[in-house]
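Order of writing sets the labels: A, B, C and D. Residues in every chain begin at 1.
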Amino acid sequence: MTDLNALDDEDFRLAVRRWLREAYPPELRNPPKRLHWRDNKVWYLKLAEKGWLAPGWPREHGGMGLSAAKQLIMLDEYERHGVARTNDHGIVMLGPLLIRYGTEAQKSRFLPKILSGEHIWCQGYSEPNAGSDLASVATTAVREGEDWVLNGQKTWTTLANDANWIFVLARTDRAAKKQEGISFFLVPMDAPGVTVRPIVNLDLHDEFCEVFFDTVRVPHDNLVGAVNQGWTMAKALLGFERVMIGSPKQSAYALGRLRLLAQRMGGWDDPVFQDRYTGLRLDLADHTSLYETYLEILRRGEMPGADASMLKLHQSELYQRITDTMLEIAAENAGLLEPMEGNRDLNPAGLFLQARPVTIYGGSNEIQRNILARTVLGLPG
Amino acid sequence: MTDLNALDDEDFRLAVRRWLREAYPPELRNPPKRLHWRDNKVWYLKLAEKGWLAPGWPREHGGMGLSAAKQLIMLDEYERHGVARTNDHGIVMLGPLLIRYGTEAQKSRFLPKILSGEHIWCQGYSEPNAGSDLASVATTAVREGEDWVLNGQKTWTTLANDANWIFVLARTDRAAKKQEGISFFLVPMDAPGVTVRPIVNLDLHDEFCEVFFDTVRVPHDNLVGAVNQGWTMAKALLGFERVMIGSPKQSAYALGRLRLLAQRMGGWDDPVFQDRYTGLRLDLADHTSLYETYLEILRRGEMPGADASMLKLHQSELYQRITDTMLEIAAENAGLLEPMEGNRDLNPAGLFLQARPVTIYGGSNEIQRNILARTVLGLPG
Amino acid sequence: MSVAADRSENLRMIRDSAGAVVPPGDLRRVRALRSGAPGIDRDVWREMCAMGWPGLRLPEAEGGSGLGMAEFCALVEELGRGLVPEPLIQGAFAARLLRGEALEALLAGERIVLPAWQERAGAIAAGRDAALRDGRVTGRKLFVPMASCADAFLVTTHDGLALVRADAPGVSLEIAGTQDGGHFGTLSLDDAPAEAVAAATEDAVDEALDEAALALAAYLLGAMERSFALTLDYLCTRRQFGRPIGSFQALQHRAADLGIQIALTRASVESAAATLDSAGPAAPRAAAVSRAKARAATASMLVTRQAIQLHGAIGYTDEADIGLYLRKAMVLANLHGSAAEHRARYARLLPETDHD
Amino acid sequence: MSVAADRSENLRMIRDSAGAVVPPGDLRRVRALRSGAPGIDRDVWREMCAMGWPGLRLPEAEGGSGLGMAEFCALVEELGRGLVPEPLIQGAFAARLLRGEALEALLAGERIVLPAWQERAGAIAAGRDAALRDGRVTGRKLFVPMASCADAFLVTTHDGLALVRADAPGVSLEIAGTQDGGHFGTLSLDDAPAEAVAAATEDAVDEALDEAALALAAYLLGAMERSFALTLDYLCTRRQFGRPIGSFQALQHRAADLGIQIALTRASVESAAATLDSAGPAAPRAAAVSRAKARAATASMLVTRQAIQLHGAIGYTDEADIGLYLRKAMVLANLHGSAAEHRARYARLLPETDHD
């Protein structure tokens, strides 16, 4: 096996690109909605087979052990090629957390099964009354002998209907300060008392679910880290995510679709549209420049601060402004349920609806602005 | 003398229009900045002589005793003709308050001198630490025998440098709730201990002043209403003001200037500009329709509620958007200190600067939004 | 009673009657009708006809109620509040142009007649490329709302208006679902037998079109007001960080801005209705409609989009009613002309001259 | 040390040296120079020259420091923080095009040479209607910043660049004050004796113009950052309703938005500087400048306008420093092309094609 880290950046980029052309299923390029396991499984297993499933994990745990710079190149090529996200919570979220905080037993028990696709994980963080205020989780876990007993409800659990395991933040100390009484548990979805109810979204897709815990019993081995350390562990892994969630890819994709739509509607050459389009284009270009400065931080192996939340704020709102513009120029097509002319690239209403949750999930934009103002700008709390 | 209230609306309108054409000094039409007494005195005295100085006051006090509907027609004609505001705090603010709350002695002492132009009043409400939070006035008045002794500082006192009297809100009870310990005093500006310092504004005009009170002594007769009733009286007179401050006249004036500027700069026919201009024009037209619904309330003799603050919010921000647009299309002229080509109608920078304070004074727009959200929309405090 | 008081009593009664037929608080009926054909409840339609709604604007001599646009807008606004899918705006549009037996059948609720006037996307004015010759129509009409419930179509042609039965030979209908659970029909007429509707002039068609556009604005006004009310309720109820989220200033200020846009829309719609109800030259009348439709289109999208955001994650579920309001705005905002089209038409109708 | 670390050390040193010459916290000097002629302090100018600033970008062989646009932008940004009125951007622009004795005198601080390139309002490209024949120039140049302090003008003509002494016969200057306390000069040349500047090609002039436009964006960046910092200080200090006003969420969110615009401006300016510092085709280079200037113009007006609003009444006084930042933005936002002109140029330079 070639040492990919030893390749120079350009060769590495070409190697990734070549592999995507060869191996990536063409019908999965730029899917209009998040794919379910039944659809993206084929690609997940191909990655697993090639050993490319976990670019950021150390090699000793079966990852690629890539440098941050190389990971970013890989990601960039994935975005260019329109590679769909897989059911990657095990890879992206749980794996790094276990590698950092798990016991040896937990690592050897869970990591290989993530890499084989045997365990598909989902993330049990949000609750009906702990959305923006995530630290007020009300799901409880109570110690009973060698077990913990969980009760409560999670919501907005992405692709829980595909998963066979869930990692859960649950309250283990009601007396402690909000953030300090939370622990981190691993729960099999087939444990008695776990129920999943898919939520149909505005775009009529069932990407999110509710997950109910009714006296669900898990052994103490399924606790990760120390009791009451769950919040700290979950937060510690956010640096990379903070940048990635601000990637310009959604806006770039939407802007291309806006151009196509304007051309199809005959308004492309209209000077008023051109002025507006150029404005959006410049917003995207400047966003990309800003994003680059954060990638540079990651490439140096450093972790960006809370100011990286600017990326998510600006990208999500730009994405929405672009899709808003699509509706405005689409004439009556703005109200259609299906893509225009059966062409999924001409789907203003669909893309508009898909752009709605980006300002809500991952910490609503209102919360992000609070953080920016208080943590970064130093305004009083 | 004709009974103006008996005229039908159209005849009354024509009578006002005729008089303005005859009597209003042409050089004072649409002045770029608020006029000082030295400039508007001639018009004030002409109004006084004709008996038209105080349209809203009852006839018994020397006013015109006009119905609300007639007052609005008069105001409308004034705006169309570009009549400048006079030093009218005595007419508009103090007069109605004295008529409602003053003693007979106070009415007969002060009202005639307002009508003659002998007393020019200014309004001492705002303080350095009581701006948005007006109820926290710190200027104190302490009873000493038959006198009250005032100490403190007022600021943003419009045209205090023209006035020979000032009406002042001062704290007379420190123990009471903020709004409930404030009284209303009449203070001659030549009283020992009163000092005026004009403030130069961004547009290099001295419309506002600071007024300092250093052990200023006034007799008890100069207290209006009961002790600690000052706040209630000042607030009670705001209904009419709330509507008037949302008049579309500033925006209408600015939009005309924007058109002129675009024509002069050669960008009038540019489709991008036209689209934007039409958007502003529609905002103004819709604002005018909304304003009309409130005028209708006043015409019926009713007082509009707190929702009228929408008018001020929307008008002030529309006015700013129009003047912002002026700067954007003015090329290098946006930075000039004087009007372009010596033509005061081509003065983008000047109008832009004059539009700045409208979102700050009269209760900042932030405060107005708080009021709207809590009082009108019923959101929790 | 004064004329003004009479009028406002009229408006109140109309609003009340609308609320009786289609209670705005309950959207179960609307949900049940979603994305099925014909997408409406024929019984409700007949009840609307029994209330005299499609003929509200017609003179009493023609079987109508002789009321004005102010009244019609008030009625339609109430329907907007309840997201009522029955095509009253289109039915009233047809009623303005029909006479005689066809009109009677429409007003009686026996036949649903829908106008088919549009030949290109984004149109405000009637397309007249279709041809009517020897009692037969050939042409293609786009974006007919709720077309599958029509018994007949009132078709604009180069040669005047034509009434075509939906089940006549040569008539074919292609249906595309819309986000609000309704649908658009593309009507293809290939030498289809038709009845000429002689009475209606081109001017009458233009006026009826403008009335329909204004009615759409009124429907959007009702819908956005209701969605805003639901949102304010949610802001008072939902708690985060130990407080109702409506106590957060940033959300309060956003709500204030939405409230202003709704107030502007109401002022604009009511002013346009008053303009249409008074005599006057054609250009300012049409301009008033464009102004109202432009405002309603923009404001309704803003308000319903923000309503989703202010509802947070729950707003993104299909089961939350608030999403139905967004979907309705998506369908109606551009119908009878987008905001941009109406802004441009306004500027064309009332060009600015140097009147200073 | 690595190249990158070297570079960042350079930038730090440049920023420090700028702060030493013109401390940004003290605007008394700037106020004192307002609206007087020549509006600058010649001693400060000489000190800037002694620091090598006008020649920063020139090769060492020509008496410069051989540094790049990244360094020049960093320097100018610091001057923007302090609202420095001395015309460094214009002096450096002239230095890019002069050679020999004229250049030496400029770099030594002995003569101030200002470019006079503009023949119509709103221009981005050099006007070349002026004529140079037989050592004499005739023409009219507009909007020369701080023109009254110039010892000579570097004039673009149809026949190449010409150097004209300010006190030469046939030279007249009309001065109009600007909001920042400086002025623009309208330069009229009537058969004025001039010296041809042969070395500079039209391309070189275009490049120098783009560098000046980008430098303006950097100056605006520094100015808006400083005005934002002053505003944040004020928000933490000023109390109303018993709390610092910066604790109100609506103001916090507005501050967050301004912070984002400033970050975008910095990214845009630094990206454009890096583009100019690397080899590459002309169109993307000019486009990067247009992108940065468009962003800086829009963001600086937004930030300084909001800075006034967030300061409340005090922000509306001439004695509050925050207003000086607004005035500066008013003058510079449209200089070397407004946001709209630069957006349009960007689209012309990099037309979108169907590259999907």
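One rule holds for everything that comes next: a residue touches a chain if its C-beta (ideal position, glycine included) is under 8 Å from a C-beta of that chain, and two chains touch if they have at least 3 such contacts.
Only a predicted model underlies this, so the values are computations on that prediction, with no experimental measurement involved.
The chain pair with more C-beta contacts between its two chains, of B-D and A-B, is B-D.
At the far end from subunit D, in terms of centres built from Cα atoms, lies C. The distance from the centre of subunit A to the centre of subunit C, each centre being the mean of the chain's C-alpha atoms, comes to 40 Å. Measuring from the averaged C-alpha position of subunit C to that of subunit D gives a distance of 54 Å.
Between the CA-based centres of subunit A and subunit B the separation comes to 54 Å, rounded to the whole angstrom.
The set of subunit B residues that touch two or more partner chains comprises 272, 275, 366, 369. Among all residues of subunit C, those that touch two or more other chains are 248-253, 340. Those residues of subunit C whose C-beta lies close enough to touch subunit B in the complex are 232, 235-236, 243-244, 246-247, 249, 251-253, 255-257, 259-260, 263-265, 267-268, 270-271, 291, 294-295, 340, 343-344, 346-347, 352, 356.
On the subunit B side of its complex with subunit A, the touching residues are 270-272, 275. Within the complex formed with subunit D, the subunit A residues making contact are 256, 259-260, 274-275, 277-279, 281-283, 285-287, 289-290, 292-293, 307, 310, 313-314, 366, 368-370, 372-374, 376-381. On the side of subunit D, the complex with subunit C involves touching residues 248-250, 252-253.
Those residues of subunit D lying in contact with subunit B across their complex are 35, 121-122, 142-143, 176-180, 184, 239-241, 245, 248, 250-251, 301, 305, 308-309, 312-313, 315-319, 323, 326-327, 330-335, 338-340.
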